[in-house]
């Protein structure tokens, strides 16, 4: 329903040519989505500061440049994830202000300042050096969402004392994100150590029976530590968003 | 948004205490779902004659009886699917007018006459005797939807001449539903023989590498016959609904 | 059985040297496939205007060129699917009149005009930009089959209002094709919104637990919306053919 | 290391018979776990009010009774999950004060009052009647953890307007838990509608390609809505614990 | 096409009212399946002595009795496979002459004598006592097909000398059928020892990673012994049929 | 046990220094494998004319050249399978007399004439052009084994009349090898048409739910045609060997 | 080859009627397996004290009784594994001296004393009460093999301090067997803590994504702790045998 | 807790300003991990001679060089596994003393002499030439761990006599490592032949149903030979470590 039609209806009510009951009946029959659309737009305004996200994978560099430039024109901050080096070179060249993080496989455009979402920090825990790309994707996403975080890297279960050394830091965090491949046991150990929210991200690190992250994913889903929740394999981005949801909710109170 | 609030708004427009533009803005900000709900109710009216469906599996007999009796009071026809004999006995006992089909594992309550959806019939093809429960579930569902159909049973690929004998019947159908377990090759052969819409339903018949219908499901999804579409394993109900969608669409023209 | 043998039999009947009953018995014993072959040829004549299809994947450019040129000589329209850019370059060069769609990964040769199959259009719905290649393959195939369609792109479930905005268009369609990767939830939402036939195509878009389209495929097969049918992963071609089967059947009445 | 040995060391330091550096070296060589154990005990004190949990599955009724009675003697609240009716009868009979919830398949013993964890409530959303056991297990667990919640049941995606009607309630929640089987699309739709933390629980509801919850699990893990996290199939208990982690963290600030 | 129509055509040829060329054209257009059906019947005559087979699984005792009695009336020998003890009791009671083999889970009705298919015997090799039901199903099927066989049981790979002791017997066989569960290594060892045709049947024996026969099935399909072919899990029946195909072919020469 | 030790024992028997019973006891304790080795060598002599086979995959060109040249020196015929074009170029260059078949991805060295194994021929049936590499690997292997064969290509199920046209040829074959990808339904149809031994080879042709040959493999294993046996995915080589086993066995009689 | 034939050969050597070289040649041609059989018997003598094992699953009580009584008559110790309570009752009744362990699901017959295999003990570590049946099967098997062991139960990763408390005991063990379900993380933590051989046994404990032990199995196979080896799911028996192999080998030195 | 804080506490005890009981209580409350860390360091000293291991896969050449040089500076021996030729070239160039094994895909740096771990040797058994890279990785790792070994290559099950010839060597080994792809039957045969510890390593050799090592892995896990344990697919490194654990444990006694 377009604006004209709705205003015309209201005008008919105003002039009395359409009784209230008839107008009410007519309103009830309108396709709700157009009004709904308004509601959503309203919400979008609230989301100021949240970056627009482009999944780089499965898109050509040209498509990414096109979308990014359109968003840039609207003053949006932009985050491109899962973008390989070749495409990133083109995107950085063709989108003014865009920056590339090799480690995180992201491109980011920061046009408006990013307000801090919470005083609480996220503890970003990873098992080994090979999990770094996923951890960095998570970190870049948190940065773009205004989420502060501290890195706790290379604390795999095989040398468990390194993790225990960091226990106080974990317990003070607002959220702990655990990024691990292979068997993903780190999530269970962390989940057993602390009571804060724990988000587990399986990575595709490992070979053979690791099945590109499936072993870690199943291990995290069936963790014996209660209340650990899980993201998709290699989805550092999603973990960052989940952390932002939690910190934002905590702030509200 | 409740009715009172909307009528109050219209009243304010009528009396002029709220200008049209303000009323329009206020309407735009309303949660759209309430109006949307109206729209949907309106649609529901159109669906007269369509039965309400209860998935029997995962519900207690008491839950089924409760839902069915509520629907019955509203004059609805009711179809209960995937209901075992034990539960069905209770449902038939406690819901007046409810009937049980052992072969189809369904219960049906027919309160209002079911109008015929189309002059075209569905050819309901199945590979073997063991596929009968799925075929009958499909048949009962079609009956409740007003879809006429003709059974073409026991025409498995291993004795392919029996199928060929029925070719004219298949070509005159509005839709062909192919129900087969094991390797599900029947869907490919039928899809290659006729040009009418073919809906394939893998069944959980078979053992070992049949993996409870997975072999048939994969076989049907990768059929070398172009344009065969697939339902979930054992989902005779879904195939009947898909056929109804097609015949209803064809009727519209 | 060759023609000579059959004519010889008929001649013997004509001259009376073979009684009718004997001829009848002899005919019954003939391998049926040769006559069958005739029947099929007859059907083929009916299919005028339907393109011949070559699956590009798994064939060399030389093989594709060979088959395509042979079909071209017979006046056929030709559709090559799943052909990469490198092979397409050769095919376009070596088959006169062949055209390449990069987005759809298809080559098409249009020699005879393609009659429109139906006045009803297909609504071609896709979830995101990354699903575009599958959607375009579907579109090119529909074009070659004489099926009209309207694109409804980028209406993923995460921003569901965009989809609702297009509801009227969906409800007027003869068929809705829903193309989506990741979790494929779009098919369920569309299936719940409209009553027309819905064909779901899972795409291999997504990573990790998407398992190259398996998550979407399982999600679509188990959709809570009744009567949604499913094609193979990335099989935009198959969905187009299924739509054509439906529209052709609808036309018949 | 037992207490005696450590005190003896300290006594030797006090009397000067062991120099500080030697004592330090000796301490460094002690097995750390005994001291560690003390630390953990200290933590346990903080956890007052948290119930002890017994996974009923895989244990005999006798084992459950034994563990529960021991915990009861220590004044603990007790939650038994995944316990079938037969075992529950014995447990209720043999553990004084224990109560059984048939719907949730839990037994609970409430000896000390359960303090409320947060003013914020959890919205407990489920797709259909068949998901009820998992939803109720989640609810019972939240009750034992002092988490308030509101039920939003039967809002499956196929009739999406029912969900939209509840949007305000969802947006005011501290956490939304989405429980759904089949394709689990509800998690994506909810995740796209609200910005609060969303925890998705796939259920084993459905048949065929639902693969006892795998389709829903994969669908939720690959959700196109950013920041949805996932629990194990049917793990209503885990979702409740994850929600408690989030609300507890939010309270701290 | 019915008989009348074909005879009428021939009569028109005989009387000269239809020229040969026209008759020929008309014949070509006939639906071939009806003639085809005759051909098949003809073939069936050749198959005298081959039993009719009923897959007991997925059929009710009543359905089995019905089909078996109908076949019995036509003088056929009947083999019912995968029939549990409860159904078998009914079938033996209600089908005169039917006999039940508990070990093989089969029922057999021998009305006409079964001619021997070949002088060569099949060596029926199985790994362990638990594989016996599959081996016996295979044996009963061979008996009904007129295939002679010798049992070589309990020669699993863990005690490989027992197998070697039987090598001469294996080398003299016309076909070796190897039935094994767990890892199914026996098929590879036998395939490496002898040059005769080897048919491998994985069984669902084993637990855990045996995955109900999948480990054995994959092991047999990827056997390092060249030219071993594989049947479905637990398909002793199929192996017997495959052996009969081979012996029958060998006899022809 | 080396020769010297055994002869020494016999010498002691001859001279009477070791009684027969003692010698017998000593012989019984000897490690049997050395004698066994002799037996096997004896068998190897029988296998004259059978080519030595090298699996090219997973070996470097240098390794292949090394093994092949060693075999060549011993006068053996050599068959290299699954060798890519790059390696094949080196092998053909460095092994005198070696020839490369691009279509079959094989290299062959024919030094001694290959005797014909049987008067019966194999019917080598394939579904589509894309299955050609597997079919040709099968063909090359049969050629090297002295197995005559006839190609029946491009007879996929979607156009089933083409297959029926070839039925007599199939029925006269000693073995039918069916090579098909996608859903592999061709094996079931052929298995239902003819009574000769049918060996099915699933190919990795197809995409999505074809899962690189899994759909075809499962379909063939669960074929509703009795007595069809199956080789590994893409294993044209294995099918050829299985056919040779069958023809060799048939010849023996 | 039977004894007579071999003695006859030796006699011919003794009498000089067969020259040594001829005898040698004749011996080389003998089927080696008969001699091999002797060798194996010899080995069996060495194995005195090792129980004969019967896998109870897949056998009837009658079969088990039959085998056990035959072994009993030969003075063997007997271990029956994976035997349910119903069968065990019959076995205990019908095999004199047989005892049943409900917890371990085993029956054991101890006729001859079991010598201790090593002074080193096995640490039998399990994660939770539900893993008890597998741990007890392992324990009973070790007892029958003469392997001493100490139980370290209920030390799951979620409360990791309990495990650390037991570290000295683990480090003094000859082998550590870790039995755990769910995600099986315990194996990684133990493998990182100690340097002794670690054998991991995944159990089928857990639900949903635990997939009856698959999650634990994959987790253990991909453990980040180096040199952890894995047994089949629930295979406590196998772990005990593996431990016995290790302790026996260690003793040899 | 840093050293200063602990010494300060001891000083307070020494001067009497803190009573022993208070000091004891304070010590109990200390975060145990710091003391624990000391314990671990102590252990590390014991491990002199054990190489530090870097998993090359998933790391950049720069990361590997960085870690390796840091370890080199501390005098450590270094083993880099799963490193491709391209990265290895850089690592060898930039880390002085580093050597590359092409066959094993490892780089090794030997700075301090490697003491022999045991007089017993490992028998390193592999099925075919294609398994060589995994076998060599295993060999290089054993070399770096001071484990002596003997190669028993190319003894696949298809020619089982070659394996039997090596039986004495296997029986004298301290550990047998069996490396095999395809169906992995070799592990079962070896496990049945010898009583020493058998570690099985499935390799990703094979195609189709070998599923990159899954067939072999499942086959080895379900081996009918008792007490065979299994490593991850292609994990020659892990098998070497497991062997070292066993030989080290055996030495202790």
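In this document, chain identifiers A, B, C, D, E, F, G and H correspond to the written order of the chains, with residue numbering beginning at 1 in each.
As a working rule, a contact is a pair of C-beta atoms (placed from the backbone, for glycine too) under 8 Å apart; a residue touches a chain by one contact, two chains touch by 3 or more.
Model, not experiment: these values are computed from the prediction.
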For subunit B and subunit G, chains touching each: A, D, E, F
Chain pair repeating C-D, as identified from F-H, A-D or B-F when over half of the contact pairs by residue number coincide: B-F
Interface composition of copies subunit A and subunit D: same or different, split at half: same
Inter-chain centre distance, subunit D versus subunit G - centres from mean C-alpha coordinates, in Å: 38
Whole-Å gap separating subunit B and subunit C, where each centre is the average of the chain's CA atoms: 24
Separation of mean Cα positions, subunit H and subunit E [Å, integer]: 50
Residues within subunit A bordering two or more other chains: 31-33, 36-37, 39, 128, 159, 164, 208-210, 217, 221-222, 226, 232-233
In contact (per the touch rule at the top): chain pairs: A-B, A-C, A-D, A-G, A-H, B-C, B-D, B-E, B-F, C-D, C-E, C-F, D-G, D-H, E-F, E-G, E-H, F-G, F-H, G-H
Subunit G to subunit E touching residues, read off their complex: 31-34, 36-37, 39-40, 55, 57-59, 63, 67, 82, 202, 204, 212-213, 217, 232-235
For the subunit H and subunit F complex, residues of the former touching the latter: 128-130, 159, 161, 164-165, 167-168, 181, 205, 207-210
Complex contacts: residues of subunit E adjacent to subunit F: 47, 53, 118-120, 161, 164, 174-175, 195-199, 217, 221-222, 226-233, 237-246, 248-253
Subunit E to subunit C touching residues, read off their complex: 3, 6-7, 10-11, 13-14, 16, 20-21, 23-24, 27-33, 35-39, 42
Footprint of subunit F on subunit B - complex, ascending: 127-128, 156-160, 182-185, 188-189, 191-193, 206, 208-211, 214-226
